[in-house]
Amino acid sequence: MTCRLVGLVAAVHTPFDSAGDLDLSVVERQLSHLLSRGVTKVFVGGSTGESQSLTVDERLRLAERWLQVARGTEMQVVVHVGANSLPEAQAMAAQAQRLGALAVAAVAPSYFKPRSVPVLLDWCRSIAGAAPATPFYFYDIPLLTGVSLSMPDLLESVGDSIPNFAGLKFTNQDLYAYQQCLRAAGGRFDIAFGFDEMLLAALVLGAVGAVGATYNFAAPVHHRIMRAFDRGDLSAARDEQYRSVLTIRTLIRHGFAGSGKAVMEMLGVPVGPPRAPQQTLDAAEVAALRAELTNLGFFDWIASP
Amino acid sequence: MTCRLVGLVAAVHTPFDSAGDLDLSVVERQLSHLLSRGVTKVFVGGSTGESQSLTVDERLRLAERWLQVARGTEMQVVVHVGANSLPEAQAMAAQAQRLGALAVAAVAPSYFKPRSVPVLLDWCRSIAGAAPATPFYFYDIPLLTGVSLSMPDLLESVGDSIPNFAGLKFTNQDLYAYQQCLRAAGGRFDIAFGFDEMLLAALVLGAVGAVGATYNFAAPVHHRIMRAFDRGDLSAARDEQYRSVLTIRTLIRHGFAGSGKAVMEMLGVPVGPPRAPQQTLDAAEVAALRAELTNLGFFDWIASP
Amino acid sequence: MTCRLVGLVAAVHTPFDSAGDLDLSVVERQLSHLLSRGVTKVFVGGSTGESQSLTVDERLRLAERWLQVARGTEMQVVVHVGANSLPEAQAMAAQAQRLGALAVAAVAPSYFKPRSVPVLLDWCRSIAGAAPATPFYFYDIPLLTGVSLSMPDLLESVGDSIPNFAGLKFTNQDLYAYQQCLRAAGGRFDIAFGFDEMLLAALVLGAVGAVGATYNFAAPVHHRIMRAFDRGDLSAARDEQYRSVLTIRTLIRHGFAGSGKAVMEMLGVPVGPPRAPQQTLDAAEVAALRAELTNLGFFDWIASP
Amino acid sequence: MTCRLVGLVAAVHTPFDSAGDLDLSVVERQLSHLLSRGVTKVFVGGSTGESQSLTVDERLRLAERWLQVARGTEMQVVVHVGANSLPEAQAMAAQAQRLGALAVAAVAPSYFKPRSVPVLLDWCRSIAGAAPATPFYFYDIPLLTGVSLSMPDLLESVGDSIPNFAGLKFTNQDLYAYQQCLRAAGGRFDIAFGFDEMLLAALVLGAVGAVGATYNFAAPVHHRIMRAFDRGDLSAARDEQYRSVLTIRTLIRHGFAGSGKAVMEMLGVPVGPPRAPQQTLDAAEVAALRAELTNLGFFDWIASP
């Protein structure tokens, strides 16, 4: 079973209406926005997608909509199914396979934390087994889950025990581990990189794909990083990467989750505000954010491919 | 609105059958077991109850069953409704009120973490507002949630903004904060203590109630702590507390969650094994655990009131 | 070898003059201040004493002065010799023994951290061996050292390997571990408690002594806790403990190290400001601190024994 | 004042004899070993140099010897002077300047930790002021110090307040911060990178120099990374970087500090074992390490430039 998350994968936002309810009517707009910018893969219901803040029913409907809307287009859909409750994760994985997802992915349970690689591997096996014909990615994001286990060890221990284990979404600054993951088990796994602001560093070490929030609105910047890297123009790649850094620094200053969704609104994709406990920007904050981004040159950076 | 979680509140286990499915038929046995040992309050679907490992539907059915079974008995039921998804927490709170729970309680969301007391207070308000006629407890357990905010500050900031805010389940070793919580806002809040192995320390500082896992099977030990404390026999209280320490140390050595449920089985209350990612003891481990507990004197300690 | 740090042990401040140099002329005043308040043991060059901010030469001179000044008085002197450099710690331990210290104590090295109990035990052995006729205490303070190893395991593993191992200074909120330490190895060790604001909780679990910063200026409050506890008046003990909490909360608000030294100045013991990186209060901050403490009643609390 | 730590800077080991005492006679051998491998800068008394385990007198003698031995050679010497005690750090800085060090560097104090950038900046100013004619580097290594403050913020706040502030030794996986540091204050600072196993990632983001332990024995591998990078052969650079990863993984498995010193012995530079609390490899462990490194190809990797 081969799956390569090559190129940029947008970790899409989950759209809410003004009452805070799921607004699936926006999904088409998200999809066309991304396709028009050359992004042909999405990661649905991940951290950017606030999956942990959704009900399971909302997550199922969200994935269903994305898979429906993507059908017949160039867009491929990875569905994040991670949850603290195993039966919930399994139900979402089964649905994703039924509806033709490119892959499923899952974070570690984070309230009761796996304390060892074998326990985590068992967890992965249980979810992957619910969608056995679909590639499975473990999504490592210790900063949010509090689960910090060795990914090289996990990959080396997969063996034949999970035939559809395809790789990792690696949202971890540890590029020492990253290099080991890329070469683990003979290099058979796909290790999508998860820190947009460090993409170039991952590329030079061998990354071929990345999943991130800013690929929703700053794909042109990151596409230019990849193209410059491919043609060996590292100076240009570095400058573009620094634009990514400046953009993200600005968003973080205003609250990353709320800012990211506000930027989508600025670009005509009304994904609404985040749900609690993440914070919404009020009108004044949105205006300040827009001014700072304008001043930075952000809107020019993303205007051209 | 007054609610005092006076005395021992058992954080009950969630019963599973051998297939790992919810087995609500055991709830009656749990209830009669506890009543026969003088425990008249339960905390349903908390950390001991593996709520994060359950589906929401399972949590709703579990709470419903407890509230049904308890009706007409001396048993009072606190329902834990904390979840990463606010609508899910609200739905469980509303159900708990509808079915007559003594109180609801909620942990902080732990994937997307509130970063300040005001954000956490908003979160509490949203849940408490879904069960406005029912006392609300915030359940502080930083070790599991990774949310470590000042509880005295939280209590001082409640004011009139959440009329049904009743207090805390305080599962935190910080007895400096605990003392401040007991006296916050003129002492109007109820601060149930959550570390069974330190109960006596909390009592001497003013605790009147406690919620814990070991009150399912070691209530006699802890009742003796409370009675000895009340009559001023601190030496006896201390010796009983040390029995609690020894018991818990033994359980931790074998994996606390699995061991606790195994002990319930030994006492004739077949709550089954824990669900993944928590680990189940195999037969040999159960035998070793039983031998160690026997050797310790545990079964004698809990034989008399 | 028996040593019991019974009662309150003041972790004394290190006096500096206005140029920031060691001012040993103040030591006599510190000693008489403490004796007049019934404190007959000091812990010299600990965390309160800013040992890590001193040069080794300053530490040696400081210990020497305390041991000289205490000679012929009721005061007994424990010397803290912990350091990242083992030869430095050993030199200080040897000096302490030579000059007749009651005991030596040492924190774990904290830059290169012992990763296991056996490594920590070796470390303790190397220091204790440099003062073999003097009781040795390990000083557990994970919050500052970042070394968080099991103290019960450490004590159980001492055996005969360190004949002068006397116990712990336990500056740790984990009262579960504390109880185990008190009873470890048949209860042969002395476990002085290190959180002034939780003293009563330690007493009820069996503590007989405590080492702390506030015993320099708030010994009367804590002596009343101990006396009330001894006569079984837990309500009075609890009220006094809360005074301790309020005092410490006020000091923390202004920076604990600087505030504590400022309070000594207010009491006529001019220990000067702390050394960098700890912060000094300016005149306005000192005035505000004094006003808050006055308002609290602090100066009344410490006026009577 | 300009200083650029361009190229590889070896963080040299501190040589001990079999009794565990400083053995300065080995320094010449270290120096000639490095020069023969094209390494012309050393970082003396850093973490690899076990500075925190040395006495201050040992640190002074060590720096003195390096500065003597290097005189008249191509070797340039950076002296690490960081310490928990400010006067000790200042004394070492003054000596380094007096004896002609290329630069001084200092870690943050780690027992009493600076809690904000301004406090850390004050700390840096106090040390840099003791060697005002010598470039000063702050050495950021949060994993060991527990001090995790924003380096971009630190650099932006230097301004004119520390004229000899030259930059950072950045031993931190956060390449988002690294990029900001490289461009902070108009790019006026030198940001030497401190994770050998991620060198290529730093290079692609703009690093021009690096300080590390493995440059003592694996400089050829890392020189090939830099040369391959410079000529645009990223595939070769990546393969060499992976050799670095494999080497470090092997060393870590046997205890990094002890293994690194054992490898020096294998190469004919008898730096002896590390001092406690770091662990020494016994003969069997050394043999196993040598066998693993041989099997890996390590000795071939470092045989050619």
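In this document, chain identifiers A, B, C and D correspond to the written order of the chains, with residue numbering beginning at 1 in each.
The rule we apply is simple: a residue touches a chain if its C-beta (ideal position, glycine included) is under 8 Å from a C-beta of that chain, and two chains touch if they have at least 3 such contacts.
Note that the structure is a prediction, hence the values are computed from the model and not measured.
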Where subunit A and subunit D overlap in contact partners, by chain label: none
Centre distance in Å when subunit B and subunit D are each reduced to the mean of their C-alpha atoms: 50
Inter-centroid spacing, subunit D versus subunit C (mean Cα positions, whole Å): 36
Set of subunit C residues in contact with two or more other chains: none
Chain contact graph, described as a line, ring, star, complete graph or other shape: ring
Of all residues in subunit D, those that touch subunit C in their complex: 47, 50, 52-56, 58, 84-88, 108-114, 119-120, 122-123, 126, 144-146, 257, 275-279
Subunit C contact footprint on subunit B (complex, rising order): 173-176, 179-180, 183, 195, 197-198, 200-206, 232, 234, 237-238, 241-242, 245, 248-249
